[in-house]
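Read from first to last, the chains carry the letters A, B and C; within each, the first residue is number 1.
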Amino acid sequence: MFLKNCWYVAAWDHELIDGKLLARTLLEEAVLLYKSETGRVVALQDRCCHRGVPLHLGRREGDCVRCMYHGLKFDPSGKCIQIPGQELIPPKLGVRSYPVVEKDHLVWIWMGDPSKADPAEIIDFPYLREPRWKGIPDYMHYKANWLLIVDNLSDFAHLAFVHTKTLGGSEEYAYKTKPVAIERLPRGFRVERWHMDAPPPPFHAKVLPAAEKARNVDRRNIGHMHIPGIFFLESMFSPAGSGSEQGRREGTREYRNCQFMTPETRRTTHFFWTYLNDWEGEDPNISRSLHQSLIEGFLEDKHLIEAQQVVIDTDPTFELQAIASDAALSHFRMTFAKLVAQEEAERGIVQAAAGKPVKPHEIGLKA
Amino acid sequence: MFLKNCWYVAAWDHELIDGKLLARTLLEEAVLLYKSETGRVVALQDRCCHRGVPLHLGRREGDCVRCMYHGLKFDPSGKCIQIPGQELIPPKLGVRSYPVVEKDHLVWIWMGDPSKADPAEIIDFPYLREPRWKGIPDYMHYKANWLLIVDNLSDFAHLAFVHTKTLGGSEEYAYKTKPVAIERLPRGFRVERWHMDAPPPPFHAKVLPAAEKARNVDRRNIGHMHIPGIFFLESMFSPAGSGSEQGRREGTREYRNCQFMTPETRRTTHFFWTYLNDWEGEDPNISRSLHQSLIEGFLEDKHLIEAQQVVIDTDPTFELQAIASDAALSHFRMTFAKLVAQEEAERGIVQAAAGKPVKPHEIGLKA
Amino acid sequence: MFLKNCWYVAAWDHELIDGKLLARTLLEEAVLLYKSETGRVVALQDRCCHRGVPLHLGRREGDCVRCMYHGLKFDPSGKCIQIPGQELIPPKLGVRSYPVVEKDHLVWIWMGDPSKADPAEIIDFPYLREPRWKGIPDYMHYKANWLLIVDNLSDFAHLAFVHTKTLGGSEEYAYKTKPVAIERLPRGFRVERWHMDAPPPPFHAKVLPAAEKARNVDRRNIGHMHIPGIFFLESMFSPAGSGSEQGRREGTREYRNCQFMTPETRRTTHFFWTYLNDWEGEDPNISRSLHQSLIEGFLEDKHLIEAQQVVIDTDPTFELQAIASDAALSHFRMTFAKLVAQEEAERGIVQAAAGKPVKPHEIGLKA
């Protein structure tokens, strides 16, 4: 049910400072993450091959990690290189290691066939490394399947109802905004939506200078969703009528947002995110306010999404039903299902690659 | 395992005041209950047909309810009548609605085939609407199958041991009372038991005038149990030797008690009840004292009944064994099993209607 | 998966004082233990045969126990001897009773075929009854399969890493101690290990007179492990170089330790233990200090062992892998698996007695 051969975000780099042994379940596999003494990030199966004790209960020694039950020591490749009191070490003894790449403060991991792991495939979000874009990287844990979060981000329709007083602004948005322009991509989609001449939404108004708070804005949102669950959002707020649709940027305030959904299990998700702005100057409270507003908004989503998961758990035969605004998410789920089917077929799992790729309810699609 | 085509108590009417959206699981189905603006009680499947968000997280609008994820609006029949941002609404789009009837402060629901729902079949307990009968309607949640509570109420034998110091009075009752007269009914039973010339039980003595507390009473209990789990009890306490067995009522104090067991799941139960008296006059403390005494007694039962459930969960092969005092409950469980079998056969579920109606352990009967 | 036909420790005798009805799950069976009025320990199935209420919620009456739901009374053999309000008692009505033996402050129980229960088979640990050996009997509950605790006790290799600062003393022990002498027994094993000329380990140093704390010792550990999970340990600390290997005992301080692992379920274990010394004289603080040190050490084990259980639960296909120091535990698990297979074959459970005795992962063996 998981797509294995792709890059997932496993952690923010700040989660690994000071040699911390970080235990994190990813795609239902227990993984140990740590930064070795030489500064390289290591990802190993979090389970000693001897008696199964989690390695994160062990001790980092240089670039290696030692299980603190009977002292077996493993190098960054997962190979066992010491068994106290035993001279001969079986050459194949060891634990699985995973390809990892540290880039722009994120630790990416490849959970599938290591021979296929190509760091060039890691999707770039340059704002994460450009110093003028400021934000506070954060993490949230969801008791819900990651695709339910992908769904949530795939439409702007829910902004009006879920986030009326935080990220949205008014229920009228649901009826008055322009249609969403959707571009279907081989591994995701691009959506764009304009909302003209309306008051700034609460999260934005909060950080504006007093004079700007009362002025209407033209709001442009461009979202990119990528397999397996990576979301980039570019938001632009221009003075209403300033010609932003013609490409004029004067007086425009912009945000960049990235969100990474990594399955912990089929029912829980790691959610990494940051919300960036390029105009706070020397005032870090802009970032802090935006960070708090986003958390407030995310909690509104979380409340509903986790309730969805309970509903699905209670009745696994329930099939989600699409409405018009679900075009993007339907494309995404379909694309995702095909990739999973293809990958499982390659792994020799007998599944008719065409007719019945994966059980639809497993990824929440109506059959 | 549940009987679908019959009326169940879903709520007390006071649970729906002020437009509250009440989420309640009934027979393992998630139901939303609310009173519409026009005062009609509505029962809908508590799950938006779109993405599965529970409707009780939504908002009542007049007689309708709106899902607050993407704004779909449903009328009291469950039909979707608005999708914000979308003109055309598929005519079949909607959620299931359930027949409901509000009567005598109770909300009754029909979980089966709506075409068979006849409000005339709702069992009448007139004391609930007669103003001279006073009591405090209440609710208790059980972590146990509802039939275990039905069992408990089906015999008076447990009064002596479980409720010695509350509702019973003495362990001697187990040995000295007259035999129970049992009348087997097509959909339940009637039991009657006399216990002559004994001190009033603690719950009754507590509310008596001082002069009466010390006088022995003749106690008559008449219980009615009905499918699916409805219990009515008439209790009469007459001065000992006053001729109550010959129908004389002088000096008799009476109570009326009703208890409604509605399955939440196969392992949990909604328990609605009230204990009525017609002699408190202007003293509401009589009701309050009786209410407290009954809670005390019910908690004594709950402790044992929930322990039974744990035992059954631990070993689902365990078969309850009947003793002589179980005649009434055995009849009830047999009757109930036949009705379920018949209903499931009608629904086309392949089950030999005769030999093996339902798996006995599913309803706790010895095969 | 459990071995039934053998003696298990069910309780310390002090757990049954004052007529207490002790509920304890053993090998996934709910058992009631109590000491009858005449002083005999009784073990009954903890479930009334009538409606399944646990008997430990009942009342001891003399040598019997009464269920406090409907008053059925059971004698020490489990036979029902009274049903209030019913004259005739079906002769076979009753609950299962288990053979029990009280010996040296331990209550032993036989969970299998009663006809095979021979008290002579109870393994003797004479130090438990000899007054000069002092200690504090105690109990710990493990959220782990008992065999994982047996494993833990089967090697001395983990002392160095897990108990460095408590029972072990130094990580060097893992590399410098003499090899373990292993004797394979038909129903267990004997291991012996010498560690010469090293500082006393922390738990021992703590209770030594000041002058002795700094002197090196020769340490001898002899462990006996018996089916189903009984561990005896003899520890001797002699002044370094005093000739202890040649049998000289002058200045030697000795300990006796017994540990009894009784499965509660396949995932949880009752752990009974005491740590005895024969040299505290009139100073009970020696026992108290040793008791605290052992608890400290056991908690170090518990932390790892319960983590192992989580790992195994998460991935039941995981197969523990043996290293050289696992010779004793491998022998034990193999022996145990054979006995279980043999017993299950005798019980007529269709399992090829040879090829595939029990599923290896059920007892944690590599196939």
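Note that in this section contacts are C-beta pairs under 8 Å (C-beta built on N, C-alpha and C of every residue); 3 or more make two chains touch, one makes a residue touch a chain.
If you're wondering where the values come from, they're calculated on a predicted model, not measured in any experiment.
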item: Topology of the chain contact graph, where touching chains are joined (line, ring, star, complete, other); value: complete
item: Classification of the chain A:chain B interface as same or different, half of numbers criterion; value: different
item: Chain A and chain B: spacing of chain centres that average the CA atoms, whole Å; value: 48
item: Junction residues of chain A, two or more chains touched; value: none
item: Contact footprint of chain A on chain B as seen in their complex; value: 30, 47, 49-54, 57, 67-72, 83-86, 93
item: Sites on chain B touched by chain C in the complex; value: 148, 151, 155, 157-158, 160-162, 171, 174-175, 177, 303-304, 307-308, 310-312, 314-315, 318, 320-325
